[in-house]
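A, B and C are the chain letters, set down in written order, and residue numbers restart from 1 in every chain.
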Amino acid sequence: MDFAFSDREELLRKSVREWAEQELPPRMEEMEETGEFPMDLMPAMGRMGFCGVITPKQYGGTEMGNLARILVLEELGTVCPAIPMAMQVHHMCTYALVTNGSEAQKEKYLPPLVKGETMGVVAVTDPSGGSDVAGMQTSAEKKGDTWILNGRKCFITNSHHSDIWVVIAKTGEGRKGLSAFIVEKDFPGAVLGRKEHKVGLRGANTGEMAFQDCEVPAENLLGEEGAGMGVALSDITNCGRPGMTAVGLGILNAVLKEAAKFANERTLYGKPIARLQSIQNHLAEIYQDRELARLAAYRVGWMLDQGMRVDTESALAKSFACEAAARSARKAIELHGSYGIMNEYAVQRLLRDAIVTIPAGGTAEIAKLVMSRAALAAAS
Amino acid sequence: MPEVRSEIWVIAEQHGGQVLPASLELLAKARELAAEPGWSLAAVLLGQGLQDLARELLTYGVDEVLLAQHELLTEWQTPAQVKALAQLAGEHKPQVILAGATASGVDLAPRLAARLKTGLSAHCVDLEFDDRGGLFAVVPGWGGSIMAKISCPTARPQMATVLPGVFAPAQAGEAKGQVIELAVDLSPDDLGYKVLEKVEVPPAQSALDGAEVVVAGGWGLGNEKDWQLLPELAQALGGAVGSTRPPVDEGWAQENQMIGTSGRSVSPKLYIGVALSGNAHHLVGIKNPGLMVGINKDPQAAIFDHCDLGLVGEAGEILPALLEELRD
Amino acid sequence: MKIVVCLKPVPDPKDWGKLKLDPETKTLVRTGVGTVINPLDKHALEAALVLRDELGGSVLVVSMAPPDAGPVLKEALAMGADEAYLLSDRAFAGSDTLGTAHVLASAIEALGGSDVILCGDETIDGGTAQVSAQVAEFLGLPNLMHVSHIQAQAEGPFVVHSQVEQGHLVVEIAPPLVLSVVKELNTPRYVTMMDILDAEEKPLVTWDNEQVCAGESCVGLADSPTQMADLFAPPKKKQAEMLPGTPREQARELAGRLRRLGFC
């Protein structure tokens, strides 16, 4: 067992950190205020290679893999968690195309995504619910060479900044009743709906999209007809949950840093509060959460790079890291006293950010459902 | 060859017939070192047409002024200076050569040391002798958080460059000692490069010049909004705003507000340092201050080791409170 | 054009707060302190890459450092250098600036010399700012420090701006030459993921004393002319009187004192 990062991974972490620390802080206030993702950062992140980290080189990606992806998202998230939130969904779009797309689809859609010319979207969740994939109401009906889509998708990350949407819609009944489509923003009948105002991860745009007799050419069916459930679930398991784990991990890094800094600087009774045992307890718990989230996150990345299945591990890592981020952010706020709820201190934003990660990619309950299968299998 | 007695040489760096303040400061310190029995001190002056300047240097407590004049030394050009000094040092074997850590001095001294195959301590903030004539140079490292004492046990001469502004400059007094003219052998090939032009950027006027109250801020203010509390406080106290390096880099402060090694010197009656760590590069610019007040959220900040009064807390809280209190 | 850049790995300035002095051994405890390319050396490398891209040729980086400095040189390769040479030998350990400059100069000679040698103006750890001038001295080349602008051409002299007190000199200087640069010269590029992959194909060579041929007496701790006699924490000049209480109470006390002293 080898827990060491390679020189390549260490250098990657360092270079992402340098970029993030230089480029992101000047943008964060505006992101927080407007709730908009700074789109000019996308081509810059494309040049850095972030957008194509799990895309094969032939389509312009770096193909550095899943552990590298987690490092990138973690480092971006340590500075500004909204950025990897948007980026990880962008990756989900590239993942869906790479794993299910035809050669023509990959050649057409991957290069602009990898270059950061646009953002990627994966639209699964209907107003009827996200985790109940089978209960989806957005439908697609084939008429000649065209699929006609009708329905609505909500809570969709990157919705208003994307030209390329991977949309799951109902094409039949039962397990094979869903199909995936590549919808371009400009297809007739593709409409953007409201923009959401979230409490946290405000710089990652979230909104609704609607399909009103939206015409999608037959060649834009992604994968087989009826394979939509698999497209969605494999994307969520292999890309979405590992990505959200990394977002949570980034938040945990930031929380730990803010908490430790404050504990060293703030004095009470003539000495830094870091010398008080109750404060040390808070710090130790935050540290423990961060370290365990790291182990869980890197293991998932490593397993994916080995070609292993990660159904249970990615659910575990995601739910642990995001819950840990929220609980640690709350502890950090308590450690800050009244400062913690002031706008000038980052910890209040980190708590808001952390809370938003919890439902993304499946709630804790869904994760427990997945994990319970592995737990029950332990009987034999 | 004229006889030279002096074992301690201070390079009197002159441009256009003006000796830099850094050299006068060094002369003062070197005078102290040479006060030990058996030591004598020379200012080494290189250039052309400098007889008057050489005699003037005799008023700064030196035993000798070593004057080497050559046409090729008219304008300062480091390679020629190095060659001339190497010749003089080779002939007269000084024990110590000191130079200011000026823009030219930090180029000249290492080349000279390498040519003489000797050691050089750079950017010193203090110098002292041991009882056997060994020179110890005190050098700040890691932003001044740790000091190193450097010696040069066997190689001679012992060389050091000293940061400008560390020592008080020598004051002119009664002329004593003598000017000794020494010959150097230079050819145009020794110039190394050709100076096409000197672009002078005159130091911008600064409100800091002559300010009796200085409110200086550091990177710890964290953002431009909080930085704006400083001009308010300075105004309330009838003073000027100063800065360390990082706020200038951040664009909160102007270059001409920077105090310290590469900035300005101030001598205020009241200095208030806000959210700055108090490293040597900044503090060296504060000469003979009156009351020194430090405000920092870190009770361990070095600034408190240099202040009369310390306030621990966020500048963003203390300054608005202070402004209100001052208005009442 | 053959360009050599001298790089030094230094403790990450972000971690300087973690540097501790062991009062017993008088050595610096660097636990938990990261290593980075000396910031100004990155500007030197950036200048080298720009020169190469304008005039053709290659960029070689040399660094005298412990054997574990490989990752730092990898970063230089990722930034765009073509070859990297890590000069590492027990004999070099503890060299002062004269010894370091001698090792670097010897290595550059062993590499067959160079048209342009670039360094950072100073390092943030030692801050001695001596090595570039001494490398130039050992190689018998002209040098300029504080370089804030370089205008180069394939044939003939460069025009270089060298900062001095209150301005800069515009200097004509012909290669082969040594320049040490200040941060105003340029903005170092980011290392992209593609760069990291490319760097893995580039040569990173470790040379010991035999390959460097620095057989001279000024190299290494014992033979360096300067010696570290002592390391100590700077003495406290004063002990400030700390005003007690909340920010408001402290502010009130200070305002009162300033008023009594006639400052307002």
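In this section, a contact is a pair of C-beta atoms (placed from the backbone, for glycine too) under 8 Å apart; a residue touches a chain by one contact, two chains touch by 3 or more.
Keep in mind that what you see is a predicted model, and the values were worked out from it rather than measured.
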item: Identity of the chain that, by mean CA position, is farthest from chain A; value: B
item: Most heavily contacting chain pair (counted by C-beta pairs in contact); value: B-C
item: Closest chain to global C-alpha mean, per-chain Cα centroids; value: C
item: Length of the line joining the C-alpha centres of chain A and chain C, rounded to whole Å; value: 39
item: Whole-Å gap separating chain A and chain B, where each centre is the average of the chain's CA atoms; value: 54
item: Mean-CA-position distance for chain C and chain B (Å); value: 22
item: Residues within chain B bordering two or more other chains; value: 299, 312
item: Shared interface positions of chain A, touching two or more other chains; value: none
item: Residues of chain B that touch chain C when the two form their complex; value: 20, 79, 82, 102-104, 106-111, 113-115, 117-123, 136, 139-155, 192-203, 213, 236-238, 269-270, 280, 291-294, 299, 302, 304-314, 317-319, 321-322, 324-326, 328
item: Residue numbers on chain C that touch chain B, as the complex places them; value: 11, 13, 16, 19, 21, 28, 96-98, 101, 124-131, 133-134, 136-138, 142-146, 157, 159, 161, 163-174, 177, 218, 224-234, 236-243, 246-248, 250-252, 254-259, 261, 263-264
item: In the complex with chain C, residue positions of chain A that touch it; value: 7-8, 10-12, 14-15, 18-19, 47-50, 53, 62, 64, 68
item: Sites on chain A touched by chain B in the complex; value: 264-267, 270-272, 344
item: Touch list for chain C against partner chain A, complex; value: 70-71, 74-75, 78, 190-197, 199-200
